[in-house]
């Protein structure tokens, strides 16, 4: 495919990323405006770079005419949460929406990758209205805590530097850091429960 | 209604304005990325202020429980075009979309108001996914040229200053200015046709 | 120069455009927050494209090593006003600022170009703090009414299409449209004075 | 002070936050455009809420006429870094700038607070050009890693809930979490050094 063709192919994915970003940011806004707790801390999104799509197609032996169906993260949304528990709340929101269809889910929190990677992935089908009609596209939503995200950002830049083959001693260090990050999350979740318990006690006292 | 209740009522309208802004801006982006002419120059949007909703309800004798159904511009989108002809292209785009339903249209260009006001209004029904479910809301899309917009902005601030009763001499001046603005638009449209004719001639010559 | 070198050269200009946009938008905000009239309606900015810089250097016979000193619109800011009078208020604000130096001014409103072009240009020197130190750069601020801007946008796209040589019949039409646009501005200015007179009368009545 | 007076007082602080955000984001952009590593990951900023200023003035027994001089975080900028080492690079950038003056610094990383709070604070004097002239204002720049920020966000919401008096068992847990966060940072710094060492080895090999 030529550069111009790629641009045309990627237009609906750009649409999708922008619309989905607005929609997930609005969940946060709606909850906060209603005086409720938002499980969503912030949202980012991106369309995969053409060079990365081509690389991935080669690595997975996918014909370029099939990337629309077989590469599911061309449109990528990332949702950051404060606590691990919030991730599952966000997943339940996504499942209940009428404007997107969940195709499947991967729980890399309960089943973390050998690298130490943790996140929850939801693959959706999402309809996009272009000037010439409606197209259904795939999008990947990654949901993770701030510390999972911190770790993943660093792993990503290392993978990039080492062209996917991180030396084993660094990989081991990285694995250790992933566990430290996850311990931090769990430490934070304990405090979260304390907060909630304290709040309930406080409200009970106020009523009496 | 209390302020807090109003805030809750207005949440889906805020959603709608943001989603619609993204969608109409994306039409422009898509066309330009495809090397085509965009009839959309820029897009703005706003949710009507609570005080303005209450004023309008009073003026039109609408009960506050019915504003959702009877005030159709709580969510407002404004699309600016370079040429009058572009307005009708944008209307045809809106009619063909599957993600919104056109309820009715008002052509204040062919039938300008006595004040001199010109614009094309499309009232749509648009589904919004909130945390607690889907709601259908009304939105008004105003489509106008840059000079219609210029005039309308000034008329709006005058209406505001004079509390809807503009003194007749100023109203007359304003009417004259509206016609001057429309003449400018028509002068520009003539040039537009010249451009297109010149381009066609140029391309015919290139072929021979 | 290579693409990478150009990128490096243009960095401080990008800085300048962003800082100046923030600063002029803030003038508007400050006045409105203080309940005063803002002569600034909106502000845009851009760094000149590399290809346009090279074209201009060729056309004006400027060596590429001298573009920093001799092409003064690499950083360009455009300020839109509602009324012609507002333009001169904005100019006086710029002159009084301590964070930029006015080098010279061109009043293309009192002396419009033969094409019909009208705008007020102010060329400033502006200090930019980069990672490696402070550099002084040139920037051009164009101040115009909304209808001058409308006209200039169309002239620009015609110039682009015809590669700077607009056919004389179209140029004549364009000149006529420029005058129509300027008449519209003057019609609006008359109303502006009516508004102000009406306001003063209104306030005098309120006092008695 | 009345609400309107507060608004007027806060205008230059809003200016400052916006200008400083642009300036620190541009450092990141400049470095990345030059193909260099950016010690700045992202930048946020805010003007302190009026209610928080009044609370702080009461708590510290400051007269409201003196808040400009005595409350130094009315304008607040927060700079997030990936690694602890990056924080000190950012501090050195701030010290060398000509467009702001460092008044003093507090290193809460080497000397963390008893709560577990870690960050580097730089208090600057920054000139702001308003419509009526130049004013010098104070601003606080907080520089921290992503995990310090994660912790601080949670501590902040707890402080807010408990009105500055966090129960001692939760405070203890929080202190423990702060250390876990700092351990994570140090684990990451070790990897950072490994990367750098690996890179140097790689480049040495390439040369031979």
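A few remarks follow.
In this document, chain identifiers A, B, C and D correspond to the written order of the chains, with residue numbering beginning at 1 in each.
Operating definition for what follows: a residue touches a chain if its C-beta (ideal position, glycine included) is under 8 Å from a C-beta of that chain, and two chains touch if they have at least 3 such contacts.
Note that the structure is predicted; figures quoted are calculated from it, not measured.
Looking for a copy of the A-D interface in C-D, B-C or A-B, one arrives at B-C, which has over half of the same contact pairs by residue number.
Distances between chain centres, each the mean of the C-alpha atoms, put C farthest from chain A.
Look at where the CA atoms of chain A average out and do the same for chain B: the two points lie 36 Å apart. One inter-chain figure worth recording: chain A and chain C are separated by 42 Å, centre to centre, where each centre is the mean of the chain's CA atoms. Chain B and chain C have Cα centroids separated by 27 Å.
Counting partner chains per residue, chain D shows two or more touched chains at no residue at all. Contacts between chains close into a ring here, every chain touching precisely two others.
The set of touching chain pairs reads A-B, A-D, B-C, C-D, using the touch definition from the header.
By the touch criterion stated above, chain B contacts chain A in their complex at residues 7-8, 11, 14-15, 18-19, 22-23, 26-27, 29-31, 33-34, 93, 97-99, 127, 129-131, 134. In the complex of the two chains, the chain C residues touching chain B come out as 82, 146-147, 150, 153-154, 158, 161, 167, 169-170, 173-174, 176-177, 180-181, 183-184, 187-188, 190-191, 194-195, 198-199.
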